[in-house]
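Below: one structure, written as structure tokens.
To keep things simple, chains are lettered A, B, C and D as they appear, and every chain counts its residues starting from 1.
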Amino acid sequence: MRERGYYGDFGGSFIPEILVATFDELVDAFAEAKADPAFWREYETLMSSYSCRPTPLTYAENLTEHFGGGRIFIKREDLNHTGAHKANNVMGQGLIVKRMGKQRVIAETGAGQHGVAAATMAAKFGFDCTIYMGEVDVQRQRPNVFWMEQLGAEVVPVSSGTRILKDAINEAFRDWVTNMDTTHYVLGTACGPHPFPEMVTWFQSIIGSEARRQVLEQTGQLPARVYACVGGGSNAMGIFSGFLDDPVELVGVEAGGRGLETGEHASRLASDDASVGIAQGYKTYFLQDGDGQMKETHSIAAGLDYVGVSPILADLREAGRVRFAAATDEEVVEALRLTIRKEGLIPALESSHGFVQAFKEAPTLSRDDVIVINQSGRGDKDIFTVADAIGDPKWKQFIREKAEEYDA
Amino acid sequence: MRERGYYGDFGGSFIPEILVATFDELVDAFAEAKADPAFWREYETLMSSYSCRPTPLTYAENLTEHFGGGRIFIKREDLNHTGAHKANNVMGQGLIVKRMGKQRVIAETGAGQHGVAAATMAAKFGFDCTIYMGEVDVQRQRPNVFWMEQLGAEVVPVSSGTRILKDAINEAFRDWVTNMDTTHYVLGTACGPHPFPEMVTWFQSIIGSEARRQVLEQTGQLPARVYACVGGGSNAMGIFSGFLDDPVELVGVEAGGRGLETGEHASRLASDDASVGIAQGYKTYFLQDGDGQMKETHSIAAGLDYVGVSPILADLREAGRVRFAAATDEEVVEALRLTIRKEGLIPALESSHGFVQAFKEAPTLSRDDVIVINQSGRGDKDIFTVADAIGDPKWKQFIREKAEEYDA
Amino acid sequence: MLEAILRSRREEQEILLMTHIVIGYPSFDDSLRVVEAMVEAGVDVMELQIPFSEPIADGPVILHANQQSLAAGSSVDLCFEFGEAVSRRFDIPFLLMTYYNILFKHGIDAFAQRMADAGLAGAIVPDLPPEEADEYLAAMQKRDLAPIFIFSPNTSDARMGEIARVAKGLVYCVARKGVTGADTTFSEDLDAYLARCRAATDLPLALGFGVKDRADVDHLRGRVDLAVIGTQTIRVMDEQGVDGVKPFIEGLRGPA
Amino acid sequence: MLEAILRSRREEQEILLMTHIVIGYPSFDDSLRVVEAMVEAGVDVMELQIPFSEPIADGPVILHANQQSLAAGSSVDLCFEFGEAVSRRFDIPFLLMTYYNILFKHGIDAFAQRMADAGLAGAIVPDLPPEEADEYLAAMQKRDLAPIFIFSPNTSDARMGEIARVAKGLVYCVARKGVTGADTTFSEDLDAYLARCRAATDLPLALGFGVKDRADVDHLRGRVDLAVIGTQTIRVMDEQGVDGVKPFIEGLRGPA
């Protein structure tokens, strides 16, 4: 029997027996890829010719002046093809799938961002593709569903459970235990059974290694702090990876939803509401009740609305290496608006969580300090949510008129 | 009196007397910037740190195999910040505005893409910003209007004339003749009075110089043909600029709308329906009647729906240096769908015009030939138009439900 | 020609009135009645605008009139017929005002010929700067038609001089920045500007953009030769009908 | 314990029946009546599933039952009470089936203790592979409870051997890929697979996933020791009510 990947006390591989061989194969394929320098080169070439890596590190001069503290730099994962860091992971896994000779991929998606990325990868690599997406998310992220379908993917709305991300993951596993011979499950974040947390982190680490090089080039110094939003934890692990061995404070920002005190949030590491458990194949902090049943979570950002969290981040928290904070829905919309106005950047609602905390702390730092925020994705995909949050009457009128046009 | 810029028989500067001094100032500022190597470096630095230049040149392996002819490469202007080549122009003009010490910018927009880009630049540079947009375009491109407003721009719907791009340009000029002391008019394409065609082309030439270097690096050869859609002509001039002195066939693709024979199109150079005229400050081919009144145009792509065309392109056509073709709305949607499926790329409806013609010609070339298509922008902004063109029932249902939610 | 007429009229009047209509707005019949009313009210010279689809120098009121006229079926031919009819019938000079594309598409020489044939006195083409005007100047000169050019507050002294060299008939001084139709506050700056205009040319000076009532005209008395009432007449017509035009014009210069 | 019971039952029956319910679905009362009906119908051993919010190895029917039970207020405590009640009342062995988090949150040793206290015979935890099971194995062993593990068609011979070393009571052989509840076509591959299972362990073999009618059970006679009827009983109950359960089970093995 094989060693399952643990990160301190967290991680592991709690999978049905029927998947054990499939995971063994995946662990091997990943290990071989990792050991093969040509593989990473192929990956980098793909990412620079199909997406636009390296993505820039943008100096946010206006925000810096606005807050009057540390100099704010923004790592621009929003400029990836398909609009988020998710591209890094799916393209990497796509190369692994090619190596394994499989012909079909499946994926879960919450915000729809990972679904679009996976469907894009499938189109590019010529794989069949099925995307599982909670019914609630299908509703709130319809534009992404539309594009997934145009990309040739079948989008299956998941109506079980809380009908969001975690339920989509369960459904994807159900598909996988049936079709593992032909199919690879492209998990979208640094969660799930080994080797997913490590593999996804590896592909996302391209963010951190670029960011480290760029910040040194542009400022001649390491950042004092690095901020990233934390859903499953992949973009955070991606950027943190570049600074783990440096004297850099790493800050993960979770969904504070309607406020930690309301219980309507998705903060696993920043709140006391979570406890250690085992679900969806791995051990980490979950938002669960005393019996171990998973709770409903809430976030304005579909991509952060998840009960579990990367076991690697759980470990880094225990080790005191990463600090965690939460940002409420309201703070997020405020930070998003400010960032749009001041810098002409439109961070995704997910990414905006990282901005909230950075904005809170920037004024306490000095102009000699540099901070880096990971803008994991772009916010245009969120227009329905953002327009609702802002309550734009013209947008509502537009939608009403469109509906009338369709009814006519 | 000063020499006005002509390109062969086309171009010039037909402006009200009140703007002459403003244009003189602009011509000088542009000439100084162009003569100053530090300026171009500053521009390149801005574009690589704020947008993600160089944008990749992507080998479209699946499309190449599908058509079985020349090897297809795609220049990825869709990966620019704000999603189109428009970013190149606005950022460049932003730097010029800074040099001139002005505090406010205005712009016209058709597709909304240039409006979003200009509003973004204004946010970044801290300028006040007003965007003029035809009422019809405000309707069909509401998401872009929403983002412009979030970016802090005032969006003024133009209800005069045909209520599209050309009318927005007129309105912008009306603003400018009033506020020229404080205000720069950021024209969005390689049209209008001198120095705009030349200045916009200069900023956009970054596309062509990158593309030339990239295609040589990646294939060791020059392309046989380069394709670009032509609205005002800025993305086309941008990529063509890189290959003007090479034995490379340059193909501009205009909006064929409902078919050239129907008269409902926007083909100035690919049809016989246009004639030379002078409007909006410059001389070129216009779709006009015998009296010189501008005609209504039609295209599924708001950004191509324009009566005039770059005087530089008009000249290059007369000189036989650029060949022109038209793509119908229907062909465009077909090419878009194919590109999404085969490559996981979502070109804007505008850009898809270039793909149509490239797809027609690719099979007639040999595998030894390389062709380059300029993907001027990304198509997610077009979701309302694309979903309508495709007639997706789920999208309609979603919009109906959203409208009901708003009515509740 | 035009210049001589204006000078002789100026001998009788301290300030001349120039008015503006868009031909065919709201209809050709109404346009004719307006011209009639204006002439009766003592207008000294009139601008007849041939509508254009892209009138970039005009503000909302005249823009609207351009579009309505075109929508109602106006054409260049009909406008020439109109111009010929009024200039035969009324004894004041008539000028054409339009954008350059109308001339260009028609053929510039042919356009000038038709103007001459119609008995028109000159033309104002606001998007045709002198730099681009060689062919136009030649065609106008050949027929003794006045090519009227524009000074603006930010036209330099040097450029005013160059414009003056090719201008005939009168020089149209734009009172302020902006398009037609907005209010103008006549300030001390205006005097300085007009002094510059006067220094640049001996031609009669017309001042336009925002002249709208008797107070404005009074203010211009002694400062320029002509006051141009453009947008305001169209507004009066829109608001009070054609019958409102005559009293309005009479009130501009008549007994208080 | 469990193994001994099964072996002695096997002496009387060529094939044993193991059935599955989700505790509290559709209600605790109904669950009790179903157990009653099953025991009366001659079932040899039963799996009682403690519902979990994320049952990733279960198909739609059992998933739905899990969710309904939880929505109706099921809890681990109530499930233990139920387990204790039925095992006191009925003279067949009862197993718990649930996901690992339920044990983990409860405390694994405490969970095993409660199982023992309730008179339960063993447990099936589909997401707990032997590699992760040290604590669980120790806790079960201490109380002579059977930790039941799973073989699947793609478990290698070597791995089967390792699993067999820690398994007690019986080995649950999954008939095919996929989740619970889909149809299974029993093929020749099955024989080869079962031969591998048999070679790996001396424990009684139970075959599950897709066993749904008498023909299936007949087919398994002589091939395995137990036929597991999981999803199909829930379907029968959903479609025919609790009263349908007894005749259904009787028909699986009774006179044709």
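In this text, a residue touches a chain if its C-beta (ideal position, glycine included) is under 8 Å from a C-beta of that chain, and two chains touch if they have at least 3 such contacts.
Small disclaimer: the values here were computed from a predicted structure and weren't measured.
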Leaving out subunit A while keeping all other chains fixed gives the grouping B, C | D
Give the fewest steps needed to get from subunit B to subunit C, where each step moves from one chain to a chain it touches.
1
With chain centres defined as mean CA positions, report which chain is farthest from subunit C.
D
Ranked by contacting C-beta pairs, which pair of chains comes out on top?
A-B
Distance from subunit B to subunit A - Cα centre to Cα centre, in angstrom:
33
What is the distance, in whole Å, between the centres of subunit A and subunit D, each centre taken as the mean of its C-alpha atoms?
38
Roughly how many whole angstrom separate the Cα centroids of subunit C and subunit D?
98
Using mean CA coordinates as chain centres, what's the subunit B-subunit D distance in Å?
66
Would you please write down the residue numbers of subunit C that are in contact with two or more other chains?
none
Please classify the inter-chain touch graph. Allowed labels: line, ring, star, complete, other.
line
Interchain contacts, given as pairs of chains that touch:
A-B, A-D, B-C
Residues of subunit D defined as touching subunit A within the complex
52-60, 63-64, 67, 70, 75-76, 99-102, 104-106, 126-132, 149-156, 159, 162-163, 174, 177-179, 182
Residues of subunit B touching subunit A in the complex:
48-52, 55-59, 62, 76, 79, 81-83, 119-124, 126, 139, 142-143, 145-147, 149-152, 218, 337, 340-346, 380-381, 383-384, 386-387, 390, 392, 394-396, 398-404, 406-407
Can you list the residues on subunit B that touch subunit C in the complex?
1-4, 12-18, 20-22, 160-161, 166, 170, 173-174, 177-181, 275-281, 286, 288, 290-294
